[in-house]
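Next come the structures, one after another.
You will see chain A twice below: alongside chain B first, and alongside chain C after that.
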Partner chain A sequence: MATISTQFVEELEHYGVDTTMDCFNCGTCAAICPLIYEHFPRRMIRYAQLGARERILEQANDLWHCLHCGLCTLTCPRQADPGELILGLRRLVVAEWRRADHV
Partner chain B sequence: MYSPKDIIDLLAANVRRTRNPFGVPKRLMNRWWKGLELPARADTLLYTGLMYQAAPYIEQTTSMLERFEDSKWAPYIGYARWMPNYLAGLGLYLMADGKEKTRAAGTLKNIVRILQSSGIRFGYRPELDFYSGILLYDLGDLDGFLEHARFVADRLQQAGVRRLITVDPHTTYALKVLYHKYLGTRLEVKTYFELAQFPPAGGDRSDTTGPVVVHDPCFYGRYLELSEVPNRLLTGLGYHCVPVRNSGPFTSCCGGPAESISPKQSREIMQRRVEELQATGAPIVAMCPICMGNLRKSGAQVEDLSTFLARAA
Partner chain C sequence: MSDKNQREQDRSQPGAAPRVGVYICHCGGNISDHVDVEKVCSDLAQTPGVEITRHNMFMCSDPGQELIMEDVKSGKVDRVVVASCAPSLHETTFRNALIRAGANPYIYEHANIREQVSWVHHGAAATAKATRLVAAAAAKAARLQPLEPIRVPAEPHAVIIGGGVAGLKAAAELAGRGIAVTLVEKSPFLGGHTAQWDHLAPTGEAAREVVAELAAAALSNPLVSIITSAEVTALEGYVGQFTLTVTRRPPAASDLPEQLPTAAVGAGAPGTFVPGHGILPAPLPEESETRRIKTGVVILATGFRPYTPKRGEYGYGEWEQVVTLPELIRILAEQQQQPPPEPVLTVNGRAVRRIALIHCVGSRQIPGIHEERPDGTLNQYCSRTCCTALLHAANEIRQRFPAVHVIDCYRDIRTYGRGQEELYTQAGRNRVLFLRFEAEDAPVVETAPPGSESPLQVRVKDTLTFGEEVQAPVDLVVLGVGMEPGPIPELIEMMKLPIGEDRFLQEVHPKLRPVELAKAGLLLAGTCQSPMDVGEACSAAASAAVKAAAILGRGLVELDPFVAQVDPNRCRGTGLCLEACLNDGALELVSCERAGEAGRRAQVNPALCLGCGACVAVCPEGAIQVNGWTLDQFEAMVDAIVADQQAA
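Here is the complex of A and B:
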């Protein structure tokens, strides 16, 4: 069971991502990604669309598998910029870590 | 895989304290220019971003990380940031391969020669040549990147610098795109090879040239769309650029960006790319210190673009 955050898409805008809902989950990004790793980045993008914030934080380390090579962004048929979305999720996670360090 | 948090905290602390991710003192790291007598006063400055100079330290660090990845020692990486910087930086400086330091300096000297023989007037000011902070950006530490980028941009602005010549894709992207996007800087940034000019190759030069295969870095191939330029220069000098399966905007990553957090993953990606390049049977041309260091780990014959161009300069 995962808690859903209905404001998560808006929250991501603070981290530079404004294309979260543009993705229609075709999987081109996962097919072109050199990682060939458990539906990456498609699954993370789906979590973001659903607002599964906690799930993303649980699996946060997976975000750093990304090479930031840009192939997913180049080939995305919806110009949903999956590479930037993953980078935005990294920023969110880093901000969470920094907040936790300061508590 | 190492803890991304530990790696980011370590790199961010190094950048904050020493202005480079390795903690190596700049006066030790950036010495290639000594003896060249490059003018300090010029409208256009050569800006290395210290990336080629960092290559020996990247190699040293990643070989250590590769050795301990997923071992019982891996979790202790987080403690490295508590080590005094001068000690860690000096240790890394002493451990890094001297041949690699000479090679990195040679690449930058070649670039100077290419620019000079192309008739480009430029200067170099080592005190203004800083690491761009790009690694922090790529790893998601936007605050750390911005703090460092502001420091660099302020110094360039105070010195009245408007035009820069860059030598690697990461620094080029940071200064040309990211500094403008996040800080509003208006620097005119060009790579050295965009400015390089050679007279057309005359006669049969097949004894000194031959087939080569160009590995386009992601930042030049996709992000900055500059792949055509090195190909055109090499072809103009008589080299035959053998097509490779993935190139230009569809180039394959060398795996380098993962080398700090997962050296094993980095090696897997690199091996796939090396297979593509080696299938052509031609020597490999790289134009990024990260790609160069990573592709060389396979034992493949890889030379920097500047080496080929400098032969004609």
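Here is the complex of A and C:
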């Protein structure tokens, strides 16, 4: 069970993301994403909203599937910039790995 | 059969025999695709008493109506039958055509050969049934007499029950049209629930100011008199001539605030605003008193009450950290009155850092999922206003107390009006976290595990996270309670008010007659009818005021003449009709002289008679008939339906 951490969104700002909560979970990003992969990137964005850090770290490899094509950002109806959010999550994950001596 | 018809006609019509015109509508094929309209015409032409038969593609069209009017004006016919759609659609249309032709509108009979024939039967059977129905209508038409509508004088006065925003708005609107108003309010205060709120969604204007403005508009008009701490305890009469009994009682101490502004009570300073209660327009009554008020119309503005969660519903009543939205609004308003140095939200002496809001509490209940009330009912309706009010509160919290996080648990977001969807967008910008649950997997509120920084936690099976269960520690849970109809069982019983499946008062028709009740002269304003926001309640109240003014404006009220009539020569005064009568006061026994001796006979009060015919059935003398539906008319119709010759 994921535990909600409402402070997580503020932490993400340090990694260059301030649009996390603009997303209203419509799924357009997942529909347009050429990867057609497991609700990507919507699921990751949702975990970011919830502050479900463990889920993001468990599934972190998914973040590197992204081709950074920009289609999701182009089509997002709320200008939540999903592409940038994925990049921000990569930065967060790398920082976590560094802290944990993974890298 | 035709001989019998002729004999009866000659007996009941000593003058010239009536000349019936029969007009049959094709309804653009709706009827004529299945009914041989020309055959019905030619069969009816053979019927005694029928002078003319005509058919038209659309009888309700201007040329169709002209056909009828020409024949009436030229004197060819003096009774009219139109065979077309249901009478609820066009009976009034054709009665009005007769008025325009200078004739009495009650020499008209309607036959429904669309819903009752062409839409449900086909081929020869359809034509045969249509012929019989039209023949029956023609037989009745030959026995119709011109009638006059019942005219009753209208008292130029309205009583409004309820002094919330709807009652105040209706009072001000009616008085503005020159109609005297008495507003009866149960509590000592005006403003209803709105006066207990702080800021109104979606505009954020102060509720207190809205109430003050509405109350000032009503109180400042000398045509408005207000009776607070009072209830309507009896209703007699009919539209135009109601008499209400109003009982005023000293309020119970529990209904009063701890500190009532004594100056206002003692000196009777009107219009003092008492926070959390409303406007005190008059000193409190010290003794009970009863008065009777004559009035032309009654507007019901009895309002709603917020749903009270059951004990244990989302932990309500078990933990002090679980509150309803109205309670949160008071908490927020009180914070405003005693601002702390730092923007910290304090509830029950504890700083709050995370709040969960839960939507649809006591609304949109589903059989099999939600627990029924003791009477077996559920609140299956959407209360409409709570989504917007919750989002408004969420935004207010995020803006006034940026350190407080808000989690919004919803089933569906229904922000339906102008300026309301913006609150949802704004909530996203304010970083409100939305979780969506299904009715059968409602959020669980429970004690937080040991070591948690918050006393409670909320668990939600979140469909936005693909059905994963998520949990959040929270310091406060706010229940978005819906609206229930105000508790007015006495009024419902006394006035025989119709209520819908949702237990709110029910109008005659939601679109065509949206503020009228079936009983003429009773009107609806505001949330006694359905959940509404303040703006909608004011709109409804203005509609009710316009309708009331339209009823009272002519000085008299016209009612349909289809009421019982007593033949004084036949009536022996048995009183059986009074026992059968369904509407108190519609029939009474009056003294009369019969063959030189004092006796009694029945007398009808036409304004109260429902025209149901219960009295007709029980009279042993056949001395009472319903105008427009007399027994000989019924017999003629039955004869026409069973006649052999029309078996086609």
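What we mean here is this: the second predicted complex is superposed on the first by the 101 of 103 C-alpha atoms of A that agree within 3 Å, B and C clash if a C-alpha of one lies under 4 Å from a C-alpha of the other, contacts with A are read in each partner's own complex, and residues count from 1 in each chain.
To be clear about the criterion, a residue touches a chain if its C-beta (ideal position, glycine included) is under 8 Å from a C-beta of that chain, and two chains touch if they have at least 3 such contacts.
Being a predicted model, the structure only gives us computed values, none of them experimental.
A.B. asks: Specify the outcome, clash or fit, for chain B and chain C once both structures are aligned onto chain A.
C.D. replies: Aligned through their shared chain, the two binders fit side by side on chain A.
A.B. asks: I'd like to know which partner A:T3 touches here: chain B for first, chain C for second, both or neither.
C.D. replies: second
A.B. asks: In the superposed arrangement, which partner chain does A:L85 touch: chain B (first), chain C (second), both, or neither?
C.D. replies: A:L85 sits against neither chain B nor chain C.
A.B. asks: Based on the superposed arrangement, let me know which partner A:N25 touches: chain B (first), chain C (second), both, or neither?
C.D. replies: second
A.B. asks: Vertex at chain A, arms to chain B and chain C: angle between C-alpha centres to the nearest 10°?
C.D. replies: Between the chain B and chain C centres, as viewed from chain A, the angle is 130 degrees.
A.B. asks: Now for A:L12: first (chain B), second (chain C), both, or neither, which partner does it touch?
C.D. replies: After superposition on chain A, A:L12 lies in contact with neither partner.
A.B. asks: Just chain B (first), just chain C (second), both, or neither: which does A:G70 touch?
C.D. replies: In the superposition, A:G70 contacts chain B only.
A.B. asks: Look at A:I56 in the shared chain and tell me whether it touches chain B only, chain C only, both, or neither; answer first, second, both or neither.
C.D. replies: So A:I56 meets neither chain B nor chain C here.
A.B. asks: How far apart, in whole Å, are the nearest Cα atoms of chain B and chain C in the superposition?
C.D. replies: 24
A.B. asks: If you look only at chain C, which of its residues touch chain A in the complex?
C.D. replies: 354, 405, 407, 428-429, 431-434, 436, 459, 464-466, 468-473
A.B. asks: Write out the stretch or stretches of chain A touching chain C in their complex.
C.D. replies: Of all residues in chain A, those touching chain C are 1-4, 6-7, 9, 21-25, 39, 43, 46-47, 49-50, 52, 78.
A.B. asks: Would you tell me which residues of chain B are touching chain A in their complex?
C.D. replies: Result: residues 1, 3-5, 8, 138-143, 218, 222-223, 249-250, 252-253, 255, 257-258, 261-262, 265, 269, 272 of chain B touch chain A.
A.B. asks: Of all residues in chain A, which touch chain B in the complex?
C.D. replies: Chain A residues touching chain B: 15-16, 34-35, 60-61, 63-65, 67-71, 74, 87, 89-91, 93-95, 97-98.
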